[in-house]
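Okay, so chain A shows up in both of these, paired with chain B first and chain C after.
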Partner chain A sequence: MEQLIKDLKLQIKNALNLEELPLEEFDENAPLFGDEGIGLDSIDILEIIVLLEKEYGIRLANPKEGKAIFQSVKTIAEYVQANRKK
Partner chain B sequence: MANEKWAGTTYGNEWMHKWLICLLRYIDTRILYLFVAVFIIPVCLVLNPSRGIAYRYFRKRIGYGRLKSAWKTYVNHCLFGQVVVDKFAMYAGKKFNIEIEGQEHFLELATREEGFLLLSAHIGNYEIAGYTLTSKAKRLNALVFAGEKASVMRNRDKMFADTNTNMIAISPDMSHLFEIDQALQVGEIVSMPGDRFNGSTKCIEHNFLGAKAKFPLGPFSVATLRGLDVLAVNVMKTSLTSYKIYVTPLHYDKEASRQGQIKQLSGAYVAELEKRVRQYPTQWYNYFEFWQE
Partner chain C sequence: MISVLSTNITSPLGFTTEENYQAVLSGASALKRHKGWGLPEPFAASLFSEEQKDELAIEGYTFFEALAIRSIRKALTYTSLGNDFSRIVLILSTTKGNIEALGEELYYPSKAAQRIAEAVGLTTNPIVVCNACVSGLSAQLLADRLLSANLYDYAIVVGAEVQSKFIVSGFQALKAVSEEPCRPFDIERNGLNPGEGAATIIFARTSDKEGWCLMDGATCNDAFHIISPSPQGEGLTAAINTVMEGQDKSRLATVCVHGTATLYNDQMESKAIEQANLSDIPLSALKGYYGHTMGAAGVLETILTMRATDDGLVLPSKGFTEPGISGKVSISGEPQPTDKTAFLKIMSGFGGCNVAALFEKTTDNRQQTTGKTTLIKAHTIRISSDDGQTLTDIYKQQIGNYPKFYKMDILSRLAFVATELLKKVSPRGDLEGASPVILFNHSSSVVADRVYFDTIRDAENFFPSPSVFVYTLPNITTGEVAIRHHLCGETSFYILPKKDETLIQQILEATLSCSKARSVISGWIDAESDTSFECDLSMYNIIS
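After this line comes the complex of A and B, so read on.
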């Protein structure tokens, strides 16, 4: 799980060009959205959806699950671990 | 990004909409055009800040003189009134003459396995395209504002029932993003405006009609994320009873860097939009400060 979180942080950072965010300051529990967290917005979500598809073979089946899955890097990691195809 | 002030919904309450649809079943649309031009628009021009916004658009962006800009501001509001009336006239069962330029581009993409994107703008009357530019082979998913009046949504559903069209409402839980992505994954068509911000505030700046303007990054990001083909669709009113749909492919180098692709695609969209706005300057309906001046 720890390695998966590390990989996801790096992949998200690269996919979203988060150059101003050092990996060591990328808290896996921080909310991905809103001013208190990483500050991503809805466009970034689509980037992460495609990232999960390419890297882990995951296609989100239920759109309503999205908000819960994308709360933080940790919630994404938990979802990936339970649903990854590669 | 002044469009944060935009309510995103058709003016009037449900009762007014029902009454209008009922009225349009029995009277000539032109009578309503005349009523709107004589009694409604002058009041709107006095009360609504859209007057100044439209005037500045004609004066600075189109380059008209003071008198002409004032007159065109009135004409622009009358035309806006007409396209709203036309929308309800369609709900009431009235038909318009529709000419399509570039339909072959749509039909060609509709035969392919991959999904594609239609980018519209708030010029002319895009809603007409929803009933005309559809495909039996591919479902069209139109991104719409979730807060639209129930009467409008009901009538849209009724009109779209036989046209293989699905409405995706912009939702605070972001489920619309997943719906868009799923639709594109299974090779369907997604339609969204390219000139207004929906949810995300990320933007890309372009020179548009001689000054810098911000366009939403979202539509261009969605397209380039999966290397989709994109068509600009603008539906312009050409006479009291006619519309012309312009379908134009927007090209970009799919081998370029992601940022390069976004820049090229959004640039192509803005160039096409500018071409149509110069062709039909009085059909520009973005009543907020679009340019950074």
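After this line comes the complex of A and C, so read on.
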């Protein structure tokens, strides 16, 4: 799980061009959306959906399903672990 | 105010305005479910058949060009524009033009526009309007300004779009495409359908006959998000209110809405319509017949609404049965009679832009020339890779602290950096909320187009990137600037064959003569890479 969280942080940072967010400050429990946390937006969600398909073979057709999954890197990691196909 | 002389619609439903109108009256739609172009997901779309393509093809031209040429030629058969070709301008509205020619000279939208202009016998430099979904209305507004400023006598406005794997995969990546025929404003709506076609309106500066006129128009940015409309629809409300100020709304037969059938667009439009006190005016949403024909949509839907109003009808909103929006509106899947002779056309699009335009059938179409506006260049910023610094270096050393910089494509980064530097040298107060942002270039969004194409090139590694696709519309640059500086005035992006200072100045002056803004940000912006870019951006003050 720890390795998966580490991988996801790097993959998300690269896919979303989070250039000014150092990996060591990327908290897996921080909320990804809204002003409090990492501050991602709706296009970023869609890009994470692509990332999950590309890296883990997970197809998420409806972005609405993603609300619970995309709360934090931690919740994404839990979802990936349970559903990954590669 | 300018007069409509002649029109044409060339679509899968017919090759003349009349054929199209009759097809729509009979309830026809060209929307069909497709699975092709190597796309993993099916989609519903309105596409030309192979037989229709063969019939429309012109040797030596791409299908996109042939479509526009055919449409213009048809429109020209109904009218004569005289012999002074220096007084006729072509305005091409498209979002992706010859995108299939990416990598070739033909890709450049201004090249296509030149080839189309020459094919129909024009000699002036064409202007390409690339304002995403609203382009077709923006192009008509530009025609109004150029003719009202007496720069030309006639404007040929052609909107055209050909669908492709490039466009459809991008909208699918944005989860915006429906597999079924779209259902504008309906509770069951779940996305748009791509459509292809061309539509032409020939406008005259003056006409002595009774007929349709474009009376007025306005463009307002949401300054909210590059692709999501502001939920409260402030920008669209402001555009409608600007156009309807002092007008009697009881003259309106209909409001022809954008109605893409995406959840967010239709909801936002319903809010804006209610806020603008137009809840009792019947709406017509026409995407159920043609899908979203993108660059053609604003022209095509305007023509169809003129024709239906001539016939005393408000067209049924095909696909609509039960309202699925929270704003109070009057919309119906049935035709409604009308005896009115004016309508409002509204559109909203990526980049946060919203346009409203008022059309009316009138005999009072005497020539009106707008007052001359003089623009004074207050400040100019020139940045170029020739100075030795990369764009990222300039950002890091002189700006910083805007993480979104790294998410932008190269063109938006350049516009962002230049605007930041321009703001540094401008005294406070020059930039106000209504200041328009009007940018020009030659190469459209070629870099973003290449980057996006790389994500769909390989069938084995097919992962279309939504965040890259968004930037394949060059007017997103104007949206980024509007968001950063909370600018809610007009935003426009024009593509020209070359940096033609005279034409740019004419477009700016004609635009600002119709505006209440006191300053404008405008300039030339072209970028190949972090180490190859050129931007010449100015803050102008307006003296009317």
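As a convention for this text, the second predicted complex is superposed on the first by the 82 of 86 C-alpha atoms of A that agree within 3 Å, B and C clash if a C-alpha of one lies under 4 Å from a C-alpha of the other, contacts with A are read in each partner's own complex, and residues count from 1 in each chain.
Here is the rule we use: a residue touches a chain if its C-beta (ideal position, glycine included) is under 8 Å from a C-beta of that chain, and two chains touch if they have at least 3 such contacts.
All values derive from a computational prediction rather than experimental measurement.
> With the two complexes superposed on chain A, say which partner A:24 touches: chain B (first), chain C (second), both, or neither.
neither
> Applying the touch criterion given at the start, work out whether A:46 contacts chain B, chain C, both or neither, answering first, second, both or neither.
both
> Quick one: is A:54 in contact with chain B, with chain C, with both, or with neither? Answer first, second, both or neither.
It touches chain C, and chain B stays clear.
> Could you tell me if A:66 is touching chain B, chain C, both of them or neither one (first, second, both, neither)?
A:66 contacts chain B only, not chain C.
> Classify the contacts of A:16 with the two partner chains as first (chain B alone), second (chain C alone), both, or neither.
After superposition on chain A, A:16 lies in contact with chain C alone.
> Starting from the residues of chain A touching chain B, keep only those that also touch chain C in the other complex, and list them.
In chain A, residues 41-43, 46-47, 50, 62-63 are touched by chain B and also by chain C.
> Once bound in the complex, which stretches of chain A touch chain B?
41-43, 45-47, 49-50, 59-60, 62-64, 66-67, 70
> What residues on chain B touch chain A, complex-wise?
Per the touch definition, chain B meets chain A at residues 173-182, 185, 199-202, 217-218, 221-222, 225-226.
> Report the residues of chain C in contact with chain A in the complex, numbered from low to high.
Contact set of chain C toward chain A: 173-175, 225-228, 401, 403, 405-407, 463-467, 470.
> What residues of chain A sit close enough to touch chain C in their complex?
Those in contact with chain C are residues 16-21, 39, 41-44, 46-47, 50, 53-54, 62-63.
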